[in-house]
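One structure is given here, and the rest of the page talks about it.
Chain lettering (A, B and C) follows the sequence in which the chains are written, and residue indices restart at 1 in each chain.
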Amino acid sequence: MAKRFMLSLSFCLLVLFQGSLARRQYQQQNECQLKRINAVEPDNRVECEAGIIESWDPSNHQQFRCAGVAVVRRLMQPNGLLLPSYSNSPQLIYIVRGTGMTGMLLPGCPETFQESQQSEGQGSSRFQDQHQKIRRFREGDILAIPAGVSHWCYNDGKEPVVTVSLFDISNSDNQLDNNPRNFYLAGNPEEVFQQTQEQRERQPPLYRRGQQSSCNNIFCGMDTRFIAEAFNVDEQVARRLQGENDNRGNIVKVKGGLQVVRPPTRLQEERAESEERDRERQRRANGIEETICTMRIKENIGDPSRADIFTPEAGRISTINSHNLPVLRSIQLSAERGVLYKDALVLPHWNLNAHSIMYVIRGRARCQVVDQNGDTVFDGEVREGQVLTVPQNFAVVKRAERERFEWISFKTNDNAMAAPLAGRTSAIRAMPVEVLANAFRISIEDARRIKFGQQETTLGSSKSQPGRAAA
Amino acid sequence: MAKRFMLSLSFCLLVLFQGSLARRQYQQQNECQLKRINAVEPDNRVECEAGIIESWDPSNHQQFRCAGVAVVRRLMQPNGLLLPSYSNSPQLIYIVRGTGMTGMLLPGCPETFQESQQSEGQGSSRFQDQHQKIRRFREGDILAIPAGVSHWCYNDGKEPVVTVSLFDISNSDNQLDNNPRNFYLAGNPEEVFQQTQEQRERQPPLYRRGQQSSCNNIFCGMDTRFIAEAFNVDEQVARRLQGENDNRGNIVKVKGGLQVVRPPTRLQEERAESEERDRERQRRANGIEETICTMRIKENIGDPSRADIFTPEAGRISTINSHNLPVLRSIQLSAERGVLYKDALVLPHWNLNAHSIMYVIRGRARCQVVDQNGDTVFDGEVREGQVLTVPQNFAVVKRAERERFEWISFKTNDNAMAAPLAGRTSAIRAMPVEVLANAFRISIEDARRIKFGQQETTLGSSKSQPGRAAA
Amino acid sequence: MAKRFMLSLSFCLLVLFQGSLARRQYQQQNECQLKRINAVEPDNRVECEAGIIESWDPSNHQQFRCAGVAVVRRLMQPNGLLLPSYSNSPQLIYIVRGTGMTGMLLPGCPETFQESQQSEGQGSSRFQDQHQKIRRFREGDILAIPAGVSHWCYNDGKEPVVTVSLFDISNSDNQLDNNPRNFYLAGNPEEVFQQTQEQRERQPPLYRRGQQSSCNNIFCGMDTRFIAEAFNVDEQVARRLQGENDNRGNIVKVKGGLQVVRPPTRLQEERAESEERDRERQRRANGIEETICTMRIKENIGDPSRADIFTPEAGRISTINSHNLPVLRSIQLSAERGVLYKDALVLPHWNLNAHSIMYVIRGRARCQVVDQNGDTVFDGEVREGQVLTVPQNFAVVKRAERERFEWISFKTNDNAMAAPLAGRTSAIRAMPVEVLANAFRISIEDARRIKFGQQETTLGSSKSQPGRAAA
């Protein structure tokens, strides 16, 4: 029966993660009447035993309330373990630096990673561990985590792991309200969003037992006897699940390193990834367990050879969307990784169907963001470690100033589209010269210059000289 | 032409009920910042000629505003007829007790139930009645009614019919605001939701004619001459449609019982249902009218043999979702019927992608509901006739106290998923023992106990002894 | 590479316009607690060089906030060019009068309209213009424009073009807030919605350069040097893009008429349209560029022979929905064009799954709109040039008074359904006579009259005499 149950659960998962198309909500409270957007640094910082968590809180920034998102940056020290948790919204995680592994816990999926008897060298086969699939990640990876699905991360490398996560609170997969929430399965983590934290301080809960302030995971709120009964253990062990007096925070140090069934090395991994892709292609003909429990939740967009748009003089852009990572179709997010060389330009454009939330990985750029009135809501420099939101339909232009500029942009649509204003794929190029001449009150000659002057798409190099126009 | 019109209407229905996927809205007003949830009884009661209607009003309870739902319980006496009406939101109706019949009025579908000449024994064939399909219902049935679709119900049994209905106001099929509304086609029913009632009292409408307070159906607001012209009857008959001075309420008594073309008996009915399911399977190849006008809108989940999860010592759970009742895919709701034996436990879990609104059919249970801060927002007993909401992602544990506990839970997703915290399909089981040991600061030995101690899924019997763990 | 880029863009478009199903949001702020609806004329008027733009602003009318829409009427003089712009919401445009052409600018689609060398008679082939497809429109056409997609219009006829546009702000394709916004690519147009205009006046923006009040398009907010660099032109030309001191408004006069690659004449056009439909049918087997860049965005519903419902004595109704214009599936709107002869009746009905926003093209009618309490929220005359909203589920009846009545109704669902209360496809007809008799407390005889009295569907002629009922 259990097997059938798992099967039925997996079948649900199939629908959950493939069939259900999350939709976004617009903001009803004039949250997008933005008079000014700022490039902002995190406004909250939580220190943990083996890392640091910083957050950009939507309650502090109208730009995030307009976009309906929250942003979190995590630094995990080597041997740091991010405690298992889930969120009320789907999230994308970009690995800025480092390597590690993660386990996404899908209810009903089989434990397919199994210790061999030899590797442990133990006499009793009963003690062999088995658990769900573990995935490795490395710099440049995007990980997609659906709402309500728990996961843990571990840094098994020698340098710190730095990640930036986007929580898509306005996603219709979130049926709660517009507050970001993390539910922890273990430990006693500090809440990373001030809002919730403050509210909690102001309004003491009605039911809290024992040493309240020292307890924050979801077992805390349950009766120890219930837990003991549910896990079939004694109450002393049950109490340990509640994580009281645990001061290690959300990222804990694993002494001696984590001994788990080793996921394959990077080379093996790449082979495995390509196999996953093969399997994806065959999916329609396949069984069910293979399709969900092994679904691909990551894709690397850091590799320069992966570029979707490349101009030798200007830079490159790699995109990830539901065409190259199908799980994004269900969580309705996509991302863009960009590199802009010194003095090069991202040609002016607007995001047709998505908000864009940009985190600067390296360097600095001058940006301008323009609203429907032609007003500049942002005009300034955006630097490494800052976040800048470009709302849907607002026009934007970027220019790398003095140094190379690298960024990751999260987009609130699984196939976010940019509509360029200049260059070979632009709206201007699509119009007849006569329409341009009349619209801009210019000569046919000038209209031709405007229309055919820029030969590039998306990225423009500053080496292009004025006057090179078709005229 | 009429036939073609019907065909085109049916085709629209096809899309309406199968293709359009309703999505939910989240609550933007911090409605889910729940500090405390209560198990609540109905807060409004309307007595009718042949029954009682009680409602749980979302304006009185934050838990219902968070979930975006309203709940109604109806008691219909034998020979009681629930007047035809439709709602601005889709609804699920659970038959707690009794048997009866219902007619769902689908615009454009043919009148397929026809009186035979013999049965009436009348000379004139012009007087034979014909009408749309009538469906029988019985204890344990779930009926799914799309938004805007009118229906009536009739108790043709010997005992009262008791039903509990969930109105999914936050469903995107509702394009009006977040107030539950019922539109009545006949009679002069009293509004069951206080909110609307109060608002109506405070703000008198601008146009009301004649004896206002004695008129509540949608014909009331129309000119009698218009009605006469539209129905091609004289004004005296037209006035009867407006239901003035009708004090019978929403459920009226049919003297002598309702004489309609008799729907088949239960045995015949079950055969018919299985035929419907066969037809459903063949649907892709079939014509249009068969697919919609005869679509299956009900499924029985009361029958013990129908259990999806069954543990002889603990109880059983039956679920209904879009896989076994396809119409649920369009209205994005599902349900779970559970039975928990004395002292047994529903293992701790969270609802991954849905709110859960539980109505207690029988007995009592101790429940605990925990939020993202580890705070217990509910800790107490929930009894027969009460409703308790468990918001999406909140953790919950239930234990039948002193007696058998039975419930129906409505879920705001057509494939609602629970993620267990303990047992064979749990998140804890999916993690490596080393992760558990480090997360909970416990020994490998204890981590193994926690991971492998509970062998059951979903339901746990209290007979399982602490110490039976894998170690 | 550019070709591959275009291909990938087109593929995105494929998903954008076909796969993504926009959903609507309900109104959370009791906006649909309508005590009174009025038939309203536009409340703002902007005069342009070659036309007039009038708007119905949602900030002034609860009925539009409830429906989540804004309405705009434009009059374009001969040789008038509506400057290119895009909106944060999808829109339907109905051509009330006149003929012209429009260009919808789809990013990444090829420039398929090309000047031949002969027609220009110029020596240098470098000067030949090429641009994206131009579509002709004429009276009775509905044009569908997705959110964020820019387009321009031009009146090349001899009489003024009059259009009425519905902006569907509550559509989930709009991720901004509930304010209608137009983003202009050129000129210095005045904002047509007062709300935004007022807010702008009250709260001066932080960054505005030069002569602020004389600049309103999206290039205004960008640095002239950036524009020069992006378009590879000198700064003087770049400055012309910003449209400073342009007082022509949104609709400008083209002196001597617009010289563009001529789209085919109407006859050729109809042939082309039928070819497009053919292509649509073959779409699944075809390549990508054909499917999107040539997608059909218009359909004529003004032609009497196109009627879907026709009663010689009463009038006719033509509908447009995602079955006859597939792009509507992605923008979730549909429309109905109706003609009601003198003294004829649109039988009472409710809109099952959509709001209906009616614009009166000609004549006048008496209307009654009824809410869930049986209260008449509208009872009066609606005349040419007025707009009246009928919210979802509200009952409505219309009667042409003294003259012929013509209207266009926009509906907020791609397959909007009406549920008639009287006539051959009505809910009343679908019920057993005995249910009617008991519900309305009338005799079986009267119930039969009510049920079978009206033989028509949707439209009723006043010539039908009371007493013609089946009895």
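By our rule, a residue touches a chain if its C-beta (ideal position, glycine included) is under 8 Å from a C-beta of that chain, and two chains touch if they have at least 3 such contacts.
Every value quoted in this text rests on a predicted model; they were computed, and no experiment measured them.
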Contact-graph separation of chain A and chain C, given in steps at minimum: 1
Chain copies touching (chain A, chain B) - same or different residues, decided at half shared: different
Chain A and chain B: spacing of chain centres that average the CA atoms, whole Å: 37
Overlap residues in chain B, where contacts from two or more other chains coincide: 21, 23, 25, 27-29, 170, 172
Contact set on chain B toward chain C in their complex: 1-2, 5-6, 8-9, 11-13, 15-16, 20-23, 25, 27-29, 81, 83-84, 86, 88, 103, 105-109, 111, 113, 126-127, 129, 131-132, 134, 147-150, 152, 154, 169-170, 172-179, 181-187, 191, 196, 199-200, 203, 205-209, 215-223, 226-234, 237, 240-243, 246, 248, 252, 254, 258-261
Residues of chain B that touch chain A when the two form their complex: 21, 23-33, 35-36, 66-68, 170, 172, 308-310, 321-323, 345, 347-348, 350-355, 368-377, 379, 391-393, 395, 397, 399, 412-413, 415, 417-436, 438-442, 446, 448-450, 453-455, 457-458, 460, 462, 464-470
